[in-house]
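Okay, so here's the structure we're looking at.
Read from first to last, the chains carry the letters A, B, C and D; within each, the first residue is number 1.
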């Protein structure tokens, strides 16, 4: 098991993941669409907000607990759905759910997971498990997934709307990335670093857990092809309303950047939205999630929760999102890097780093409860 | 034939072109004037506009068709005139016109082409062929070109106004660039990459297709000398009016950046203008084409088309130009890189990349028709 | 003794320190919290202010004398408290106090010094010695330190409020930095540069001068652990008032960035405050000291002095702080680099550089007295 | 004689100079004060202005002639005074004056020249020779210089006010730069490039042409010492008035950045001022010359000429200065690089490059006379 004691932040986990994974797989996880400008803005725009800390306040105890999708969580963090996470480490989705459960936070399973809905529910029954749904052309199969999630005890349905088509992830084109992964000798040569990955790979079998038996899900070649053969680009808010009707628990729509879509979500009556550009993996040039946040919060008003994902790498990012009105965040690559670096312990580490960073920052900000954070704790800074 | 399957964007084609061409020729195509700041701004200023996408909308079919110069085109793209394109690949102008015809878009032949007006018309009669004119001191020859274009069936005349003198392209000075190209052993040494170029070169003969028989066009030494001996720096809008009178089809004036010149163009009665700084190859320090666009569109009003060229490398650039009021764009280096990299297949690839990027971005923007794009789809972002 | 004649600025001293110290110790001194963005802003934000100099004025004599904490100083500079300074050079705190005394400026001893309160007072009785206090869980010990400082003749008490917990200094985590320093062969190998440091180290014994006999101060492992076991994160402004009552000389509270805390300080009745983010070592993302300064000065009004620390590396930084309303600055790393580079002579050099830079800049600004500097001498410049 | 045919801009001349000169001498010419931020802003701030060119205008002839210091010049350029220019090439000041005379522009001789007032006048009697004066402690010697300049036929007196003390040029400190130059073997080793310089050096003798016989000018060690022993930091505008009274030709005061000093200059009655920060060599952090220009022009009104120096490297810089209201510019390093690179031919080349760049840019701007340039030709661009 790798020694994580000198890992001091999420970026260190990313470096570990880069060494551990075959290049094409790392690039699949790490990469984004087009010139990756949106992915960079996702990070840089957090840095535009500075803190104005207070001193001389009792910060001996810090309360980080939050409510997300109307349900209590130990931290304002949920694990965002990561398709193919099981490629990074055998049983990846299960390990992640277990780490999340241990930390008292939700883990959202992707439609495109290796482990099936039932696999995760069975392995981590104590977890706050959420299920993420994509619009499938095959509506029967899709509604079947909703039922399976319900039956397996998933608490929250997350419907992702920003993927009518796959974004143009150019690293994947250059790497000719396909699943199952066939690490090329060329990329592996010269380094023994990836041997553990290869060894682990032999223990696992590639499959799409949630599509077993589905005739269209065979012959997987690339993400783009997978999406275009299975996903439905014609789905509208009416279709969203239908899913809403079929699920009686809390529901989140994920992937919104436009205030008009907040209105649309409100009309349908969801628990909340996630302001997101899919980590910069869809439309390059979209504005960053944190830049979009204030308008989205203003439009959402008090009747809907606003979550944020895309670009979160630091505990301070999460506090900034809270100060700007988000209930919490979904983290994507942050936990995927951890998983790829060290399996379950890596996901633990990712969560621990963010928690410790939040605690530390709260103490230094002079605030005890994250609920007390407001825009007045921030100041815009010129870069 | 080079394998283009891992080419994921225009910049990849540029890298291929860089390897394929002798240094001096690549620099001639790639370079710009002075410190190349305008060329950089042409790119960077597109990045100042972000998208605010919508979700939950039926984007199963996307319509990219456009009207340019009052004529229908499958895409809002025309191939911009590139002088000496035939140096990059034998029959370069013909191959480009063929690729454009296949894609259903216009190809504009330069005054400074290797292939003559008649060569291209004869080889690609099915194409939407446009002809680009420069002001020549020898007005008889110039009016002869207009007539030859008419007789050969060219549809649109593009009169380029921003070249009363050649810009100071310093790479050409440093490389002592002259035509015909004499690849120096020094620049070729150490690499077998350029052997295919040399092999192809033997199949072709350097000439100026449109100047055969013209006494002033001999003894070509450098772009600067070529321009100063043939082109007329004293031409005014009155001269433009005379050309307008001599051509009874649609006419575009190319190379405008100032609203006052939009008025001048309107007075003369042209079909449209192209907002352009000649790809940054003329006056370094000029503002970028996309930065100039909004004022130009406002001045043009509804009675003239506004096209844009200079800096277009991405499908999203084209959508931004459309959202800001342009009918379409002319692409210059984008197709020249393709041609230099892989001949006709490279031009196909360049067009295909831009089309696919546009389709993808439209789907992710939640819009089906490019005509629906407006400034409200954009948001200014701080870099 | 190293030849310092070609050392032309503080950054040169930093380079010397980098060569002289074991990597982990240099990183402890040089490093900051998180991504070190605040540390960078501390520098960059000084550069946002430009000067508009005057000419044709008699600048044959320049007066740099100032009042800090209500007491006269030859320069508007005090040596800021640097914990563990004695690790950089044997007797580091004593040497620094001696250099400060020679220059006619205050030296502030840290709670976390190697030399004790009494050591420094005994060795440099002629100095303007200040003592810096942290809030200790062990209030008896803490009040004992206050009494010891009083008894030893310290003039000013500096109470640091921005360290309820240690900031996350990631270089220290990566280096597994612990005290006493155990320079690893790995980091020392290949260079003879650090031999003098090793030689000097044998002459010194690690201890916390001010905690001898304190039962909690043993078993030191890392800064973070040291702070969390000894320091009190529950201290409030009421506790500050108690310290204020126990000390009858001038008192400064250090580490403020928020105007509301200026009000709090005023209510308690201190001589002054130091606007500071602890050199970027506490909450990464905090706004820079100089960016915070104008609001803090405006809130302080005329009844309290405003000092500034964090980021001062240039005489011109000090003049800018003065022009914006600060009485003077505390320098931290600037003198620590000097000490690490060349012992007492290095601290002399640091002070000399800043003095000479100030004199030169005053002459070139056309002002004779630093008291004459106002915001009108500055102009904001776009970077 | 070096082949200058591939030199395409001033920066190429700088590269040549860098190779030709001993490191310490190149750094003396190229360097600036402190962190050299002002020197960088001098360049970058020109880039903040973009052009909006016009087309369709007769630009077959371009008129670049200007009036500077009330006297006609072929170009809006004068050679700025460069102390020690004669170190870069034997007879450097004479060669420069000759090149300027050939181009029909003024050359300003520095107080700190190697060649004396009389040397230059004798060698280039046909030139438009100007003389630059510093305030000397020895007023008799200083007034003697004024008389010598008058007697030798100099046309304009340039009084430099921004050097009451030398700026802190840190490269000089690091290089331990002293005059006469003693090129160190270390810096010369490994390259034969500087042999021509050494060969030429033997032909020349170091002296201060204008201080021969002056007792204080001996024992020269460094610029800083030279200035502090000879120059007078107590000179005021009253002293300027005295110089003004002693010289009955046109007079320019050089080195102003503050509008209040424009008023002071007007009160004394000079022909013009030069907005300048001495090429960034004096107070680092001063605002750039071009950023200061608009306010200075506004204050100067119509009764005084405004020149600009500091940062001019491009013909387009000069056009921008003109558009913002300057009558012309002084170029410093631009010609010094040329001189160091190739002697007189290098100065010719520097002037030729700027002239050709201006002509080209005027043609592309669509203007025939530089007098027609106004702020409306410019547009502010975001970098």
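Everything that follows uses one rule, which is that a residue touches a chain if its C-beta (ideal position, glycine included) is under 8 Å from a C-beta of that chain, and two chains touch if they have at least 3 such contacts.
These numbers come from a predicted model, not from an experiment.
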Numbering shared by both copies at the subunit C-subunit A contact, with half separating same from different: different
Angle of the C-alpha superposing rotation, subunit A to subunit B, to the nearest 5 degrees: 90
Identity of the chain that, by mean CA position, is farthest from subunit C: B
Separation of subunit A from subunit C, taking each centre as the mean of its C-alpha atoms, in whole Å: 42
CA centroid of subunit B to CA centroid of subunit C, Å: 60
Pairwise touch network: line, ring, star, complete, or other: ring
Pairs of chains satisfying the touch condition: A-B, A-C, B-D, C-D
Subunit D residues within the subunit C interface of the complex: 34-35, 37-38, 41, 48, 161-162, 164-165, 167-168, 170, 173-174, 176, 232-237, 239-240, 255-258, 260-261, 264, 282-288, 291-292
Interfacial residue positions of subunit C with respect to subunit D in the complex: 5-6, 8-9, 12, 47, 49-60, 314, 316, 320, 356-357, 360-361, 363-365, 379, 381-382
